[in-house]
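Shared between the two complexes below is chain A, which pairs with chain B and chain C, respectively.
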Partner chain A sequence: MHNVQRAITIRNHQVILQGELLFQRDQSTPNARFFSELYKELKLTYPKFFKMDPLAKLGFLAAELLLNSLSAEEKEEMKILLACSHSSIESDTMFQNTISDESNYYPSPSLFVYTLPNIVIGEIAIRHRIYGENGLYLTPPNNKKSIIETLHKQIKWEDNRYALIGYLDYYKNKYEVDFYLIHS
Partner chain B sequence: MKDLVLELKKEIIEVLNFEGMTPEDIDENAPLFGDGLGLDSIDALELIVLMEKKYGIKLADPNQGREIFASITTMAAYIKEHRTK
Partner chain C sequence: MKYNQGVNIIADCIVNSLGFNTQEIFDQMRAGKLGMQEVKGLTQSEPTAMLSQIDRVRWNQIWDQTNTLPLKEQFTFFEQLMIYVIQKVVKTAQIDPKQKNVLFLFSTTKGNIELLDSNLQHNFDAERVHIWESAEIVTQYFQNNNQPIILSNACISGTQALLIGKSILENQPYEHLVVVGADLITPFVVAGFQSFKALSPTPCRPFDLNRDGLNIGEGAAAVVLSKTKKGIVSIENGAVTNDANHISGPSRTGEGLYRALIKTLKSVDLSEISFINAHGTATLYNDEMESIAFQRANLLHLPVNSYKGYFGHTLGAAGLIESILSAHALNQGIIFPTIGFQELGISKPLDIVTTERNCNKSFALKTASGFAGCNVVLLIKKGGKDA
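And now, the complex of A and B:
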């Protein structure tokens, strides 16, 4: 894949940026704690992070590390093309649990907002003030490499100079993210 | 009052799904909306439901919310005075 300026992988509680191990925790660490410890390690002050569902947290943290070298102007017209396999099933299930008991029926608005997988793109775009076009694709897990190449080929550069492409997924406590910053 | 503030922090973490956040991460005097905890209008709905379900307080006047939900401290003070359960 050409024109890759930066790459980040987060899986198995290891953060690898540009091929170098940046942060890690023991495998026994719960995912939520791993995400919050990485957030604190990065010295971020963005409380909305804690409200995000796991998929959005994953994308948010990866984007944070990938895009922190760019100026606001460079990020403004960036395209974001991502793919995932299990959509927002974790949040869908949690939301379902809030409406399945008739005696305790309460459709939680704060859960409902994450019952779409492309919310992760919205969270990244809001954080970095990115106004370029975006899209999120669903693909089988075994198609990860192929979908990333497809996303890369789909970029039509026009005036913009950067694109964030990649794959992320969160399902049954397993997660992974591979993001690439592409320069035109 | 101190116990109520801690209880409120725990309740807010739970109802708003602040996963990974601890009560120590929340400044009880910081604004709940905008800066500070960064809550939005959807979260306001959750707080109104929390007040009713947990403390038996029904907010009839939406304008009251601005003052009551200014911070955890203001929420706790209102609950202490008006709770029915």
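And now, the complex of A and C:
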């Protein structure tokens, strides 16, 4: 891919930024704890993080590492185009569980909002004050590479200075994220 | 780069609570018909809900009478709707969906979400809840071998899909794009919106002083976008933005929508715009946000309407359904009224259309906003461009 300024991958409890291992935890660490420990490692003070669902936490953390060198002006009109496979299935399942059982019925708005996969984009946009184009695409897991290239092609079509593109997924306790910062 | 080519809507079909093709729905709207009715016992949150449902009895009759359709039991209702509208539009457009230069683009928020409900009896594989699975099943039914593009960007999905479709046609070697949008009424989404206290118990009243929430609707729509054939309208311009403000509440300054309007309107003479078909969900905050954004963009002189009072908020499909209806209205020189609206209930003096008007200007704007702070504006032009 052309014009990639920075790249980050998080999977198997390893954070790899620009090809270098930045942070890791033992494979046995629960995902939620891994995310919290990475948050602490980054010395963040953003209480909203703890309200997010796993998909949003994952995207939020990756974006944090990718965008921390950019100025407010550079971020303002950025595009955020992300793809994922299993949508918001983790939160979908949790929300379904709150309405399936007549004797234990407790749907909540704070959970329902995360049953949209593009909420992760909203969380990143709020954190970094990004007002540009945004879109969440769905794709089969075996089409991961190709969708990133499709999103990349879309970026080149317009002369926007910076774009965040990539793939993230959270399904059955397995997660992964591959984000790229593109500069035109 | 071939930016000067026109991208035209050359065929369309809608199914929702008002009918089973675009013309029927258009006629029902002109006759002032509403698609919503009180439904009992869908969720435990409320005894009843005011919903705009597709008539299942008539749906089954139509399916059974159409001999070109496949065995119904092989497909979920969500997939059946998509197959039906796609079959209609490829026939009208006279294109062969098997061709390599045809690409499918889907837009939905929840797809087959009802398959997650363990209380629901069905014979479908659990994997079918994943939207890509459903989209591939539909694509394969039409024997199209291109990897479909699927957009799930909350309630702006359907409108945004048209913009993405334009961009793909202008930059990639496809000749026709089949853009599809669909979303269903399920206990899942109804309980969710009930938990937000966002639903009105009566037919909704966009922009009205006494508005008290939205009505959930369901529907499916498809269009064929073409860069070689002339259509009823062309997709001229548009923009997608984010409020960068709140994940479930609209911006109090209308920031994202304002920015999308400014970007879109650079290329057009405001005096040539016939109307704005707004999102107009009839929630307190959405409609107020839109009025602020329209004022900031100096659009207070333009007629504004919302179709939510006719057939509710059809979620991810809303933007596509409402864009199609706006395209036909623009083409026929009419502006639909905002059903449900009586007295101005927003802080900015918008020109809310109350009875059908005639207008022969060339352009119309479609806007939508959604959870995660996303906004979209689409500019369409009457008559389509010469290809």
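Just so it is clear, the second predicted complex is superposed on the first by the 180 of 184 C-alpha atoms of A that agree within 3 Å, B and C clash if a C-alpha of one lies under 4 Å from a C-alpha of the other, contacts with A are read in each partner's own complex, and residues count from 1 in each chain.
The rule is simple: a contact is a pair of C-beta atoms (placed from the backbone, for glycine too) under 8 Å apart; a residue touches a chain by one contact, two chains touch by 3 or more.
Remember, predicted model here, so these are calculated numbers, not experimental data.
Looking at the shared chain after the overlay, A:50 reaches chain B, while chain C stays out of its contact range. Once chain A of one complex is fitted onto chain A of the other, the partner contacts of A:108 extend to both chain B and chain C. Once the two complexes are overlaid on the shared chain, A:161 sits clear of chain B and of chain C alike.
Once the two complexes are overlaid on the shared chain, A:183 sits clear of chain B and of chain C alike.
In the superposed model, A:130 lies in contact with chain C only, and not with chain B.
For chain A, the partner with contacts to more residues, out of chain B and chain C, is C. Look at A:119: by the touch rule set out above, it reaches chain C but stays clear of chain B.
When the two complexes are overlaid on their common chain A, residue A:100 makes contact with chain C while staying clear of chain B.
Of the two partner chains, chain B is the only one that A:39 touches; chain C does not reach it.
Residues 108-109, 113 of chain A lie in contact with chain B in one complex and with chain C in the other.
For chain C in complex with chain A, the residues that touch the partner chain are 1, 43-45, 109-110, 113, 116-119, 129-133, 135-136, 147, 149-154, 160, 164, 167, 170-172, 187-188, 191-196, 239-248, 255-256, 259, 370-374.
Looking at the complex, you find that chain A touches chain C at residues 80, 85-87, 89, 92-93, 95-96, 99-100, 102, 105, 107-109, 112-113, 115-119, 121-123, 125-126, 128-140, 143, 146, 150, 153-154, 157.
Those residues of chain A that touch chain B in the complex are listed here as 32-33, 35-36, 39, 46-48, 50-51, 53-54, 57, 94, 106, 108-111, 113.
Looking at the complex, you find that chain B touches chain A at residues 15-21, 25, 36-38, 42-43, 45-46, 49.
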